[in-house]
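Look at the two complexes coming up: chain A is in both, with chain B in one and chain C in the other.
What follows is the complex of A and B.
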């Protein structure tokens, strides 16, 4: 089987087991109780992963105000993945025209207006605006769970457009950010291997857009800024799927948001992030469709109950 | 050639965020060792294209093209021809 065939096979097995309800839009899926219980279990494990002391958990909206979104640089590097929100702000007369278009089967979204909100692509993007223009004398570490969006339609159940992530992000000096990333390189893969997932840690790059993509990817790899925790989900030479990553951003976000670090220079940052559905589905792929037959240690780790 | 080298130095000074003055460094000085980061390289590419009114072909948009002032000058020479 090719990789694409193996992806569809996993999707079919998840559907057949009642874990995944397919939606008409590629890249969107609805999950049922067993998957949700595993997602909750994984989420809890990430939340209690080191570091914990001094970490502030924040609940954030699943989008960023447009000005802050532009500041993150996401639009510059990943325009192909973004999504933004439109709203209706018209009069009753505009509403009648809108409904007439809907009922006639005509295009109608042109009658909406931009809300100047962009869908969050990574939880850590919510943390930097909190400190815009500030000088930090001590590092700040946030634990953030959010639904994220990346527009990459696919039949791979492991590659969703709308998915949940939990991340731990540190904003501080270069040394503090490096140490945070280093800690994640140890704790991250261990969290996954403790769940019986075969994981390796590899240097990686983000999927940059356009003609500068190679230049950006080369730079990111040469400087070892991104490591992914790859699980062999699909088998063969190309069966790996990234379940999480540990990223050192240098002063990228500190510069964008004008944050000064404890050493007086632009703040550095690092984040350790996990894709919750990806980890859950990897567990189903590796341990089977019946969570009742998963190894006891795995069930206990996820608090799936007796 | 001289004016092109001057343009390269000016663009690096404006966009390279180097730890040294781009007007004073050697032709073969390692720009990455002087702190040229990926985002800055992208800005350097766009500024060079604007200043020299050229489009650098995709195959030259790799790190080795921007390793030193001399490397950039030699790469741009192939674009001009």
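What follows is the complex of A and C.
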């Protein structure tokens, strides 16, 4: 089977078991009781993963104000993944014109206005703006979670456009950020292997857009800024799927948001992030469609109950 | 104090206690550890609220495909609350033009394309399309949760544009839907009063748009289709806030999605919904900013730990 065939096979098995309900939009899916319970279990494991002491949990809305979104550089590097929100601010007369378009089957979203909000692509992007213009005397560590959006329509059940993520992000000195990333390179894969998922850690790059993409990716790999925790979900040479990653951003976000670190220089940051649906579906792929038959240690770790 | 002053006062106390971090966009907020723990506790209580037997939990993405969104009639009745998603599908050349606009401070979202996705306003709107065109021989009951969006910018911490909701929705015969709503009118307020929240149940209406708004609202109230669970969060005559609601939709959604009920007629539906942040913040308003000093029964109910 090709990789695409194996992706569709997993999707079919999830559908057949009643775990996944396909939606008409490619890359969106509804999940049922067993998957939701596993997502909750994984979420709890990431939440209680080290570091814990002094860490502030934050729940953030799945949007970034446009001005902050632009500051992160996402629009420059990943325009193909963005989602921007429009709203209706018109009068009843405008509304009648809009409904006339809808009923005639004409395009109607042009009648909307920009909300100046962009869909969040990673929870940690909401952490840096909280400290915009600040001088931090001690590092800040957040356990941050949200719904994320990346516009990459796919039939691979492991590649959703809308998914849940939880991350541990540190903002501090270069040394503190490096140490946080290093620590995550231990704790992250261990969390996954404790669930019976065979993972390996590989140097990786983000999916940059356009002419400079290859150059940007090579630079990121040369500097070993991004490591992914890869699980061999689909088998074969190209069967790996990233379930999480550990990223050292250097002073990228500290610079974007004018944050000074405890050492007086631009703040550095690092994050350890996990895709909750990806981990849940990898567990179904590896342990089978019936959670009742999963290894006891895995069920206990996820608090799936007796 | 006026209602607006009392809203700001609660917001200030939440900020001062470190529970709420204001964001630059009105109606969006970030919440920290204690609020997140309470939201999780409330979420668990709603999930395990009756009915439970035969109920399928589903987690849905915070979007509706445009074609389904239009079918629900939301665009006709509540255009002022909608959010529509645009994406970038252009070439590297288009991207350079877009970035030139961004750098010049020009509007740039006009260069995006409609994704034909709308932000979800209530989780149950994702349930009906799952049965489009079907004849149901038995009723379906879902415990459904998601992030929701309603474009109503406000400084009231209880009125967020982006929030989490969990609902119990039944799709079946008129009799089954009525019974489900009736049952929720008992279980819903009890869940809240068990948490020490003084709630009363009142006939309510949805915030319809335009010239027909008053007429639509009056019809809904006359037929007692919507009840809200109101908590006197702000005191005084106008201090109530809806923490949840129990709604009987008659055959509104069954008709929209061409679903036939077990009695052979158009399917009827009803939902019991809860706003998770609203309930959490009402608990802080009523029991105080320090969860460590909340009544033991409330802490235990929310599983806040020792």
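Rule of thumb we're sticking to: the second predicted complex is superposed on the first by the 306 of 306 C-alpha atoms of A that agree within 3 Å, B and C clash if a C-alpha of one lies under 4 Å from a C-alpha of the other, contacts with A are read in each partner's own complex, and residues count from 1 in each chain.
Methods note: contacts are C-beta pairs under 8 Å (C-beta built on N, C-alpha and C of every residue); 3 or more make two chains touch, one makes a residue touch a chain.
Remember, it's a predicted structure, so these values are computed and weren't measured experimentally.
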If we overlay the two complexes on their shared chain A, which of chain B and chain C does A:250 touch? Say first, second, both or neither.
first
Give one of first, second, both or neither to describe whether A:286 is in contact with chain B, with chain C, with both, or with none.
neither
Taking the superposition on A as described, I'd like to know which of chain B and chain C A:219 touches: first, second, both or neither.
first
Check whether A:21 is in contact with chain B, with chain C, with both or with neither, and answer first, second, both or neither.
second
Which of chain B and chain C A:73 touches, first, second, both or neither
first
Which of the two, chain B or chain C, is in touch with more residues of chain A?
C
Report for A:126: first if it touches chain B alone, second if chain C alone, otherwise both or neither.
second
Just checking: does A:211 make contact with chain B only, chain C only, both, or neither of them? Give me first, second, both or neither.
both
Would you check which partner chain A:185 touches, where first means chain B only, second means chain C only, and both and neither mean what they say?
neither
Can you give me the overlap between the chain B contact set and the chain C contact set on chain A?
211
Which residues of chain C touch chain A in the complex?
21, 23-25, 28-33, 35-37, 39, 56-63, 65, 67-68, 70, 75-76, 79-80, 82-90, 92, 95, 98-99, 102, 107, 109, 112, 114-117, 119, 126, 129-130, 147, 151, 160-162, 209-211
Under the touch definition given earlier, write down the residues of chain B that touch chain A in their complex.
32, 37-39, 41-42, 45, 58, 61-63, 66
Note which residues of chain A are touching chain B in the complex, please.
73, 211-212, 214-216, 218-220, 222, 250, 252
